[in-house]
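There are two complexes below, and they share subunit A, which is joined by subunit B in the first and by subunit C in the second.
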Partner chain A sequence: MKRIISQCIKELAQFRRDRLTLALAILLPIATLFIYGYAIRLETKDIPIVIQDFSMTPLSRSYVEQLFSTNKFAATPRIGKAEVASAIDRGIAKAAIIIPPDFDREIKNNKTSTIQVLIDGTDANNARVIQNNIKATSQAFLRSSQLQPSNNNVVTRTRLWFNPGRKESLYIVPGVFGVILWIFPSLLAAIAMVREKERGTILQVYASSLTAAELLLGKLLAYFLIGIAQAIFVIILGAILFQISLVAEPSSFIIGTLLFLTNSVMFGLMIGTRANSQNAAVQGVATAGFTTALLLSGFIYPLSNIPFPLSLISNVLPARYYIELSRDAFVRGTGWLGIWYAPIVLFLTFLFLFNVARRNLSRMQLPD
Partner chain B sequence: MSQYIIENADFRMQNPSNNLVIEVAELYKKYGKLTAVRGVNFAVQRGEIFGLIGPDGAGKTTTFHILAGVMEASAGDVWVLGKIPRNARLGIGYLTQQFSLYLDLSIDENLRYSAGLREVSNELFMQRRAKYLQLMGLEKFGDRLAGQLSGGMKQKLALCCALVSQPEILLLDEPTTGVDPVSRREFWDILATLANEGTTIVVATPYLDEAERCSRIALMYDGEIHQIGTLKELRESLGLQRLEVRTNDLQTAEKVLLRAIANSPNIADVQTFGDRLDVLVNNVATGKSQVEEIFHHHNLAINSIESEEATLENVFVTRLRQQGSDPPFVPFPKSKSSHSQSDIAIGAYDLQKIFGNFAAVKGVTLEIKYGEIYGLLGANGAGKTTTIKMLCGLLEASNGKIYLGGKTSNLRSKELRRRIGYMSQKFTLYDDLSILQNLQFYCGVYGVPRRSRKQKIDWVLETCGLAGQENLITGQLPGGWKQRVAFGASVMHEPNILFLDEPTSGVDPLARRQFWRFINEFARQGTAILVTTHYLEEAEQCNRMGFMVAGEVVIQGSPSEIKAQQPGELIELVTNSTQAASDLLKTELESWRVSIFGDRLHIVLDRPKTELPEIRSFLQNAEINVQSVRTIPFSLEDAFIGTVQRAQQKV
Partner chain C sequence: MNFIDRLLETPLIALILKEINQILRNKQLMFLLLFPPTVQLLVFGFSLNPDVQYIKLGIIDYANTYESRELIAAFTENDLFQPKIYTYSQEELGQEVRTGKITAGLVIPPDFNRDLSQNKSAEIQVLIDGVDANTAGIANGYINQIVNQYSRSLNENKSSPLVQVQSVFLYNPGLLSTWFIIPGVIGLVLNLTSTLVSATTVVREKDSGTLEQLLMTPADAWEILLAKIVPLFVLLMGDVLLALSIARFMFKVPLRGNVILFFAFAGLYVLVGIGIGIMLATLARSQQQVILISFFINLPVIQLSGAIAPIESMPTFFQDLSWFNPLRHFVTITRGLLLKGVGIEVLWPNVLMLAIFAVVLLTISINRFRSQLS
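Right, the complex of A and B next:
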């Protein structure tokens, strides 16, 4: 135990000395919090569309009004007499709506009037959003103008739980916590591990009778403490900036955060035991850690969308479980009841990472 | 298998009467196809200083790794303190070749961490910390970061860290590489003290003058130990005597003597030093007459011939030559015509450099002619590297005048740079490029004409013994080899002014001789050479030299002049208790004046006539028996240490 403590004190002293890592440990997480917190917006608003109304009747105008009233679309002024289609070609508009001259007449005669909608399909996702929106608006327009008898039997009454105002930061920010606390503690730990190899000081460690477990636990303890400081800092700052607050009883979140930090540090150490240069360690953490935490953790893309072999990875990703925990704490608020499995999984993944790292170091000797 | 070893280990532990603390039998180590150590046998007794010397890549570091338990042997038995090395780790202190310190931690933090790793109780730690920091003279610097210490202080601190757990065995892998002579001597004095207290020391060093201070020395070459013995035994087994021949025309003398080796079995080796030739002969009397005859035959005047004992370097070099590992001497393919000017190539007049409020160089004046080798010597931090950087235009001088290759300003101009070669202290090669790519890069940078590039690159590869291996990644080469390639890279464009900043640091003795043959060769062709080194034995090869202390050149001249200018005498003292005598005399005299060389003491006395009788009676009172006293000539190292210490006292 004394040797673990002594290892930990040494790591902290080194950390304190290195102004660069010290700055990175605080500044980079803040920068990440800002970028991800403010830049990621999944909801699309003010899509530019262009409208050519050949009908020019009160009815067609009220239809156009209805389109713009949702805030989904913004009108793009038509330039000259150019073809509507060319507005899409030139990228000025994402969609064009052409209302035929007989629009008013056909509807009043209870016939079907055809409106032409041209959509820029480059962004497939966006195109679908536009398509659905226009369809829905058209339905609503017919109903509201009493033109279509409402003979539907099924009526949906929707209520949004947990996030009634559909505040996007509530979805994004708890996820950002997971990404930040996965990347930065592991980056620092990986560098600390590999630096010993690069500078040759690892030989001194090998030459003492320190065991692999003691070495790992000593470093874990030091970077775990640093990680806690980062966590407190980032979570409080995030909560203030984006005006979110804990809605659940906090014990599951606190225990989950601590467990997640041990995972993160141990992941870094594991990469450090494998890599032989700081470059390789940073690359390793960036690709293996960052990419998976960003893409496979459910941070942005729903877990259910991840196809089969990749979905296996997301099942063992600590960041995934932490993001679930964090979203529960800030959005859902079910507490232990809904999220009891996450801390257990995090504990198991920690044990796994620890054993892999220890195996990498097991002989505490130079490789042949 | 491991079961067997552990049983055996217990068996050994039951025999404490055994005074052998390290036993190595038939040790092998293979890395893939390469066999680094092939069947090494040796044993070290308690309290011995056991020296391991050999060329780069001989397998010394591998042997140390195995003894320290950080690497597994491929085959063979290794017993350290009666156990397998891994189980004996708490009894071993290991200084690795790279600095084994955390440079971003303070002295105290480094010590405390080492103590923590090795389970030293707090009370014992404080006690030992005080003791060893005082012994190393570091007690004032507890809070200073290790990275801010000089090379010598770093190594002393590393030793301190190893000593904090009071290991029975110290393994030191080239602990003094890159450390200046003053600190080196202090370091070895400390080792002598430790050995006297019963610590067993195994040490590797490229400095053969240091190795002479070991109790026993093993010569290692190509993974095998070829000879083990005391300095005396090794000298006797060599059976050669050394003649120091002084003459005015060294160049011709060397040529004719080298020719004589072929037809005379008596003469074994000839080597030029700055102002003398060393001739190794089987028989002193016939050797002397032979040399005289040869000189007479060629109408050369001899100033003096003195016979001396062979040095360890003579032993080492002769043995390695017998193994056929002498690096080839391939004449440099010259494409420019040589100038034989006798003008001044490099001139510095009252050169100063001030960093903030620290004067790194204060008023250096020196002149170097074409064809001259000038050695700039000094302790770490004396300002040598700063001076060189100013002279070759890499650093702006704060004050003073520089004259370089006929120019006084615009020292970075393209034409001037083509005529200058600079090899810096740190490796100038790119570790992640292959050797060939590095050489091609430097050919391009220095504008070596395309048609002669291949020839030049082949020359470097051949002289380095790397022909056919040019696609190796440079980072994988041992330090000494990298230095050779770096040297080659810095002379490919045939500069007529050459700056070499510690070119031979960490290079083995044989390769160092080859280095100096090239340096001499270039000088003969008219190149002006400014070189710094920590090896004073090789500094003898400079035509002139200057000693720098705290930013000033305190003495200049040829090696003989400098030695002759030393005040006082150097006395060799043999007593029945070397260590006790040394401890005692150090209380009486300034500590630099006393040092232990194997079984004898060297003492510098300013007034030997009055001081010597005092010392005799002083030792007698302490019941130390003086067996012999004689005056010996100052070596350059003695001169250096004396000069530096006296100059520092004045400051």
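Right, the complex of A and C next:
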């Protein structure tokens, strides 16, 4: 125990002296929080559309007004008739709506008038949203202009749970906590581990009576403490900036965060024991850690969208469980009841990472 | 023969040959050029899927009649909703939503049928897990459409709606989301590989001190640098070909524009990447620092480029900021050439910005490099 603590103190002293890593330990998480927290938004508003109104009657104009009355669409400046397609080509508009000359006449004669809509399908997801919105607006137009009173006998009462205002920051920011606390503690730990190898000081460790487990636990403790500092800092800053707050009883989140930090540090140490240069270590953490935490953890798009062989990876990914925990703590608020399995999985993945790292290290040592 | 011999003896050619030899022997570099781009393209391509589909639906059907079952069928007979549980307990349904086992719940009241037959409006309840705000919004839109359509089919005197929307999806009629993601990932991969590879090769020479030895040779500083850039450029163009082939053959992304233009603009972007890479190398003292700094640069460059999530949904400030992001322009160019099949007449503002970036970045980084040499 004493040896673990002195190893930890040595590690912290080294960390304090290295200006660059110290700066990175503070600056990189803040930058990540800002960029991901502010810039990742999935819902599009003010989609630029072009309207070509061949009808030019009060009726067609009120239809156009209805389209713009939501904040979904924004008009692009008027352009010539031939340029509708080229506006979409140039990306100035995402959709073009063409109202036929007989729009007014057909509707007054109680016949169906067809509106043509050209949608930029490049971004498939958005294209669907645009189509659905235009359809919904057309129905709302018929109802509100009393042209065709609603004959809908089935009325839907919809309730959005947990996030009735559909604030996207409530979805993104708890996920960002997971991404940040996965990458940066592990990056620092990996560098620390590999530095020992590059400078040759690892040989002194081998020569001493320190066991592989003690070495790992000492380093773990040091970077765990640094990780806790990062976590407190990032979570409080994020909560203030994006105005989110804990809605669950905090014990599950706190325990989960501590377990997750041990995972992330141990992952870094494990990469560090494998890699032979700082260069390779940083790359290992950056590519393996970053891509998995970003792509396979359900951070951006729902987990159920990940196809079969890749979904296996996401099942053993600590970041995935932590993001679930953090979303529960900040949005859902069910506490232990809904999320009891996450801390257990995190504990198991920690044991796994610890064992792999220890085996890597003891393989390098000469047998006793 | 004599001429070729003399050509081979010029410092530039000799240096280029030396660089090529070094690169071919450097296994780590070859690995860096081949492995991460392939893996990134595959993982990003398969896992980044924004489609709203297979929403797990919990159903309580208190009515349990032909009509209510028809409504349930209307929900579940497409890929949008996947019936997960049927129950009669509202409490259980709530619990399942709370624990995230289902994403949406549908409750059909016992008097559903009676209300319908008396021509009153029947109310159904829908609850949606709003944690994922975007998915919830899209799901809500679909639910309304499904219910409207069902409602219309009930009406005997079917009057079709007076306004009908006929929509045509340009460029991507099948609405495959990989077609959107993959061109973005091509940009992302090129950005990461070109900056990292060029930064590490330059820094390694600094690290091992061989740069001073090169300076002793009769070669000029520009020849040393050009000899470094040319083979890197050729190799990175190989990466462009690799990325394009994966896009074409694995993900079946179309190539509607001009191939030569694509390679020309990709070459321009590779130059931008090399410029950033050499710049990083002049800022850093060791390979480790280079990679950490590139982390710092690449994170915002990729995230704010629209490669992964569309630019249009970012806040306006970030949309404006992205004009100063070279990757944003390259991603726009790639999507334009691959999907839209447009040419220079549309893409010229982006190409112009890329060219400016390439010139400015290369000039600054080469000057910094030279001043560090002397």
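Quick note on the criterion: the second predicted complex is superposed on the first by the 358 of 368 C-alpha atoms of A that agree within 3 Å, B and C clash if a C-alpha of one lies under 4 Å from a C-alpha of the other, contacts with A are read in each partner's own complex, and residues count from 1 in each chain.
Please note the rule applied: a residue touches a chain if its C-beta (ideal position, glycine included) is under 8 Å from a C-beta of that chain, and two chains touch if they have at least 3 such contacts.
Only a predicted model underlies this, so the values are computations on that prediction, with no experimental measurement involved.
Of the two partner chains placed by the overlay, neither subunit B nor subunit C lies in contact with A:233. In the superposition on chain A, no contact is made by A:68 with either subunit B or subunit C. Legend: residue contacts after superposition of the two complexes on their common chain; A:347 is shown touching neither subunit B nor subunit C. In the superposition on chain A, A:135 makes contact with subunit C only, while subunit B stays out of contact range.
In the superposed model, A:337 makes contact with subunit C only, not with subunit B.
In the superposition on chain A, contact is made by A:17 with subunit B only, not with subunit C. In the superposition on chain A, the chain among subunit B and subunit C reaching more residues of subunit A is C. Taken together, the subunit C residues at the contact with subunit A in this complex read 28, 36, 39-40, 43-44, 46-54, 56, 71, 97-100, 115-116, 119-138, 140-145, 147-148, 150-152, 154-155, 159-173, 175-177, 179-180, 196, 200, 286-289, 291-292, 295-296, 299-300, 303-304, 308-310, 312-315, 318, 332, 335-336, 339-340, 342, 346.
Contact residues of subunit A toward subunit C in the complex are 20, 24, 27-28, 31-32, 35-36, 38-45, 47, 63, 86, 88-91, 94, 106-107, 110-129, 131-136, 138-139, 141-142, 147-148, 151-164, 166-168, 170-171, 191, 277-280, 282-283, 286-287, 291, 295-296, 300-302, 304-307, 310, 324, 327, 331-332, 334, 337-339. Residues 2-3, 5-7, 9-10, 13-14, 17-18, 199-201, 203-210, 363-366, 368 of subunit A touch subunit B in their complex.
Of all the residues in subunit B, the ones that touch subunit A in their complex are 30-32, 65, 68-72, 89-90, 92, 94, 96-106, 109, 112-119, 145, 161.
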